[in-house]
Amino acid sequence: MSSAIPFSAQLINLFAAVILLLAFAMLAQRRVVALINLFAMQGLTLCLSTLVVAVSTGQSHLYYSAGLTLLLKVLLLPWILHRLVRKLNVKSEVEALINIPTTMLVGLVLVMIAFNVALPISELSHTITRGTLGIALAVVMLAFLMMITRQKAITQVVGFLSMENGLFLAATSATYGMPMVVELGIALDVLVGVIILGVFFFQIRDQFDSLDIHHMERLKDN
Amino acid sequence: MDFFVLMLAIPLVSGALLTVFGECDWAPNLNIIASLGTFLAAAGLTAEIVANGPRFAFGEQFFIDSLNVFFVALTAFVGLTTSIFSGPYMRNEAEHGRLTKPRLRLYKSMYQLFMFAMLAALTTNNLGILWVAMEAATLTTVLLVSLYRTPASLEAAWKYFILCGVGIAQALFGTILLYFAAERVLGESGNALLWTHLIDVKGQLEPNIMALSFIFLLVGYGTKVGLAPLHNWLPDAHAEGPTPVSAVLSGLLLNVALYAILRCKVLADGAIPGDFAGKLMIGFGLFTLLVAAFFLSRQKDVKRMFAYSSIEHMGLITFAFGMGGPVANFAGLLHMTMHSLTKSAIFFAVGHATQKTGTQLMENIRGLIRINPLIGWGLMLGTLAILGMPPFGVFASEFMILTHAMKHYPWATPVLLLGLGVAFAAIFGKVQPMVFGETEAKRLPHAPAITPVFLHLGIVLMLGLYIPPYLTRWFHEAARMLG
Amino acid sequence: MTSLLPIDTLLIAACAWLAIGLLGLVAPRNTRFISKTLFPLGAMIGALVGSVALGSLGGPAQTAVLAIGLPDLPFHLRLDNLSAVFAMLLGFVSVGISVFAAGYFRKGEGTAPGLLCLEYHVFLASMLMVLLADDAYAFMVAWETMALSSFFLVTTDHRHEEIRRAGFLYLLIAHVGAIAILLCFGVMTGGAGDYSFAGMRAQQLSPFWASAAYLLALAGFGAKAGLVPLHVWLPEAHPAAPSPVSAMMSGVMLKTAIYGLLRVSFDLLHTTLWWWGVVALVVGLVTALFGVLYSTVQNDMKRLLAYSSIENIGLIAVGIGLTLIFHAYRMEALAALAMTAVLYHCLAHSAFKSLLFLCTGSVLHATRERSLGKLGGLIHRMPWVAWLALAGVIASAGLPPLSGFVSEWLLLQSFLFSPGLPHPWLNMVVPVAAALVVFVAALAGFAMVKFYGIIFLGQMREPGLKDAHDAGPWEKFGLVWLTLITLLLGILPSTVILRIDAATRQLLGTGLADKLHEHGWWMLAPISPERASYEPVIFLVTIAATLLLGRWLVRRLYHGRVRRTSAWDCGYYFQGPRAQDTAEGFSQPIRRIFEPMFRMERHFPTARDAAPYYSVKVEDHFWYWLYLPVARAAGWVSTLVVTLQGGRIAVYLMYSFITLLVLLLVARP
Amino acid sequence: MISISGLLGQAFAILLALVLAPLLSGWVGQCRAWLQNRTAPPLLLPYYQLQKLFHKDVVLAHGASSLFRAAPFVVFGCMVLACAIIPSLSTDLPLAPAADAIALVGVFGLARVFISLAAMDVGTSFGSLGGRREMLIGFLAEPALLMVIFTLAMIAQSTSVATIVETLAHRELVIYPSLAFAGVAFTFVSFAENARVPVDNPATHLELTMIHEAMILEYSGRYLALLEWAASLKLYAYSCLGLALFFPWGIAPGDDLLALVAAIPLLVLKLAIGGALLAGIETINAKVRIFRAPEFLGTAFMLAVLGLLVRLLLESKV
């Protein structure tokens, strides 16, 4: 059936694959700055794929959402994060709880699970880009894994944001985007969230004079 | 003027105002007045809905029926009483130097915005907007929880943010899947996320997708409800935030999250053959109840303990809705009401108690009824009520849930009773010495606001002995909507 | 206004009690107003309740439905003969206790008198509602309200840690019992979901479910009544509570539990299996034996009485067991005999036990002392209390011609005819049970002699007792009232039985009335004079006549001269108070004979002790065998559970992640 | 129902008891003396003692309360009642329905409680010691006694003593093994109850061994007289009960005057033999330590229960 796939669909699948690849890269990446750049690239790819979907399906509001993505995920958020890193001079390596290779293996398993789960659904999809749903799920899960394994508050945030990327991928490619009002709301929430986090970082740094979250294990019952 | 618009506008506007003028002397009063206005508007809206049935607003984006108007009324009411309570409480905190003026301003504005977010989440017809509003509620409460800026409160807020953020992201994925499923029936029109449309076609939605989406939604919003093992943020946030915030978190936010799950459950039930959603919720409910019950006995911090008690009751309610059917839904709704009223009353009392004694550690709090009989009795009666002691209303709902469970899920009854029994032993054993016994009091600059406590307890007592017919009809209608 | 039905009157009475209680809050610190106005008012209401219930005996059952309660289950009320008997008990006994309380709560200990007044009258009202309730919800509400109000009354003096612990233990066990009762009701609806008692009566349960319901009821009501092993709260709560409250709990509240058990096993359940009776019989015997043995070794007068209450409840349970056995074999005449014994013992015990508790109250007020080791010789300082207590003691020891003996006599009579049972080994075992019952009764005599002798007789063990004062007028009235009831129940058994027979007939279809009618009011011959008869009046008259005649003759024929001097005591020189038996010393034979029954910590002085002392601490085995292990198990589980909250956010995220994965992989529609 | 002759018989029975009781104690004492090679006291010694004591002044301890003074009369009254309802000569006793066998045990119990209380009243070491021991004996003896009565009551299908005796007296000769057990048990009990060797020794004032004597140490004058009299009445009552239950022959069935007259010498004869036997047993036995008494009475209880079981096992058809 591959012959039946139109070019745009192939493009979209390609972009989806790239996003997945970037997700893995982020999982493997040790340095914070590089991590943020990877995140920005992921956003860019997402934006491109959204554009392709928009062109190929003529869904006008997808242009807006592509623009939104560009603005938010490629320019604004990375810029904020970079500033934070500079301000808080988080130079040190990102040390993971589990070592990288193991993480990669677990990630691989997750991808398989994600495809497995998504399969019956993509069967039913009538959109040209049904395969991407599984990828989106995989990206979400990888981001989740990253949040679990990383120790720095800031990397957790990056993981959180790339999870949002995965969701956006699902929204745009699988369902040609949510209603505009919803997308705006989501974008707003993400933005506000990141700003609040930014404020938080400084306070956390003041209180714990570090951004390592293993300082924040005081509240417990056992 | 339209009650609904008022109800949403008042908190939004006053929130904005308070952000600016929050440091003026009249700010606290504005906070209370705004809440009062919201409550009046909500009451008017309720009367309107009860009179002429469901209605839309802002096109089809908002929809108020007897189910959510009941939550709206409850939310507005508890919001009002909490604002009344927080007046003297916050002033005392300020006198103790735990809070600066800007913080107070932040508190008031965030409080109003939080109310706005919850009311929007309750009344919206668009599952997407529902998600957005939930996220907004989370963000506002994150700021409220971290109000003290102590390491502990920061840690709590951080955990709250991350866990709920992740959870809510999963909920978003579930929403997308739902949209994905709906689109195939309703086409790519913008109203594929409108509940009123979805409910009409719920039979045609693809079961597999719906199942997947419900799992994501349950895990996502369930994190906010505090279902074990997704509950870990809850005790921290309750214990470290200011007490009024704990009150609204326990009394309102959890309800709203559960409401979101309920809306989705209705759709899932329609789409998926075999009581799939119900079974999941029963499982989560029982597990949560048991886990929370055993957590209770190890608590040292009073607010933390009552946070776990909230988790326990959320488990019970989830179980009730999981059983489904008019009776169980009725019981669930009733229990939600009772829990909100009682638990917020308890937190009011606890707040004053902790201020009086200057600690949240239970072994340092003694002889409350010597310090201030009203606070002491408020805490004692509230505790007994939340433990399901007649003649308080919590017993009524627990009675209905238990009897219904005995009839349809006999195997679950021992688990329920075990949980309730353990919780009783744990909580009462800790509260009794706090209330009774000897101690020395501590002067407070501002007299505590006792009225909200006894107002709530009075209503709970009344409902335990007599549920007015119109309320019954209303509950029944709401229960029917949940199928 | 039209003539009120008894049930309406009782409802009004309950409301009146509530109103009186609320009035107490108007002036919570005004002791005079509360004790001299409100409590006597409450007593009048009690008299009203008692007489109305008495009047309604034998009449048809009356029902009422209130507008309150659950939407689909409003409060159903029903006044039938069974509830009337217990309402009568409640009313008449509460008169004495309320009046006594009017004199007792001079200075409200701990809690404000107004609050006490509220709790006390809510307690009364809730007990009345328990008796009237005719559906599960109303019953549970009344039942738990009863538990709550009594809990607050028990913890009146909550400054003491041990009192708080006692209260907690009490409420906890009460709550567990309530859960069992709720389950029992749930089983009895048989899935029909109709929680009115009428609906339960309509159900025809399979033997299995019926047995489940019965056992749950036995556990639930047993927890409140104090059946072993759910008795542990009782000896803690009774000493903790103010004496009128102990009297009310021991005298009336325990009986509401008996009422519930009777209601379930004879009214709501239709099938009756013979082994139910055996279970009740055995549990009752164990309870009675346990209670009496422990009551003999207590050194705190209220604990002693509390254990004696456990014993009496055990005897009642034995009677219920017998009734069930006879009922199961359709030997209704004998069942009626045993049932009469049960009801009669309820009445008798509530009268004499509250009397004794009130007496301890007066002693406590006069001496501020609860430990027997520090009392003695009070008959010289408080003759009223002493002589009235003697009546209670004799009744409690089950001796003629007072009330306790009548019920034991009836019980033994019903035992005597058990060999008629069509069951091979049952009619072997049951008479042996009778032997144990007698044994218990005799031991109760021992305990009572210890109680009375140590408190009221002998020399005063403390110099402080010299200025002990007798009870005040209010207290005296309460004591006299209860003594009169005890006397009445003692010497007019057939008159009383003719009244309460209605309840027996309602539950079993047959009663003793027709038999009793044949003979005069003075003779109690349940089957026939040839088989067994007892005439307490003649009995009393004979003894009194010999007493007076003898005294008169001796004075007439000889003289009435008396010389006073110091005691002889075989010529021993040292005759101080410490020479007489201590409380521990008195019960030493029991401790020695039944050593394995107790968990004792003793310290014996050695020959070289500079300051030799002897101490013994008797504890309850059940506490160590049953309760502590359960507590430990719960603690262990929660240590496991709390590891969930380890404080690590990564771990929390993992929980959520794993939950998601598991659901994705496992959950399928 | 109540006939004149019945009333007369009743009054006569009571008088007879009052008269014969001290005589019986005297006779037992005499036999004991003979068996122990002592010169016997006169048979009428108890009467002399009563007379003497009644004449003497009462010496009361300072701590003695009114209960102390009332107790002797109560005890005496109880014993008179007991003698009144035990059929010694005739079974036609108007007072019999007043108290059946169970109530009879109750009467003895009442007396015991009062005398123990009185013993504790003065507050001397021996008094309380005696009271404690008496109650100990009591709660061990009562169940045994009642079991004995149960056994017989089951044979007679009645707890009224008169009816039991009638059924036992006027039945065709059937051998009841249970009666043997019951008889032995009853003997044990009556030894304990009447403060006899091996449980107690009426003739001792050795502090550590006495029970009954310890209780009445503080009594004197008419009170002591009444108590002594009551004690002998108790012995008489038990003897009559035993005789009536286990050797009921010769007891007049109803208000038949001839039989009544004939019954008197028979009763005296039975009592004489019984007393002699009692003295003999007392002589050949040694007083046991107080804490062996439970074993002794436990045996009695066991025997009684065995009798009951045998009754149920072997004779349920009878």
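Lettered A, B, C and D in written order, each chain numbered from 1.
To be clear about the criterion, a contact is a pair of C-beta atoms (placed from the backbone, for glycine too) under 8 Å apart; a residue touches a chain by one contact, two chains touch by 3 or more.
Everything quoted here is computed from the prediction, not taken from an experiment.
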Counting only C-alpha atoms to place each centre, which chain is farthest from chain C?
A
Whole-Å distance, chain A centre to chain B centre, using C-alpha means?
31
Quick check: how many Å separate the C-alpha centres of chain B and chain D?
79
Report, in whole Å, the distance between the mean C-alpha point of chain B and the mean C-alpha point of chain C.
44
Calculate how many whole Å lie between the centre of chain A and the centre of chain C, each centre taken as the average of the chain's C-alpha atoms.
71
Overlap residues in chain A, where contacts from two or more other chains coincide
117, 144, 147, 156, 213, 216, 218-219, 221-222
In chain B, the residues touching two or more other chains are 158-159, 162, 166, 170, 208, 212, 235, 295, 298
All touching chain pairs, where touch follows the definition stated at the start
A-B, A-C, B-C, C-D
Contacts from chain B onto chain A in the complex sit at residues 61, 126, 128-129, 131-132, 135-136, 139, 142-143, 146, 149-152, 154-159, 161-162, 165-166, 169-170, 172-173, 176-177, 179-180, 183-184, 188, 190, 192-193, 206, 208-209, 212, 235-236, 239-240, 295, 298-299
Chain A to chain B touching residues, read off their complex
59, 117, 120-121, 124-126, 133, 137, 140, 144, 147, 153, 156, 160, 163-164, 167, 170-171, 174-176, 178-182, 185-186, 188-189, 192-193, 196-197, 200, 203-204, 207-208, 213, 216, 218-219, 221-222
Contact footprint of chain C on chain D as seen in their complex:
54-55, 57-63, 65-67, 70, 73-74, 76-78, 80-81, 84, 95, 97-100, 102-103, 106-107, 109-110, 112-113, 116-117, 120-129, 131-133, 135-136, 138-140, 142-143, 146-147, 150, 153-154, 157-160, 163, 205, 207, 217-218, 222, 226, 291, 294, 301, 304-305, 308-309, 312-313, 316
Could you please specify the touching residues of chain B with respect to chain C in the complex?
158-159, 162-163, 166-167, 170, 207-208, 211-212, 215-216, 218-219, 223, 228-230, 232-233, 235, 272-274, 276, 280, 291, 294-295, 297-298, 384, 389-391, 395-396, 399-400, 402-404, 406-407, 413, 417, 420-422, 424-425, 428-429, 432-433, 436-438, 464-467, 469, 472
Once bound in the complex, which stretches of chain C touch chain A?
639, 642-650, 653-654, 657, 661, 664-665
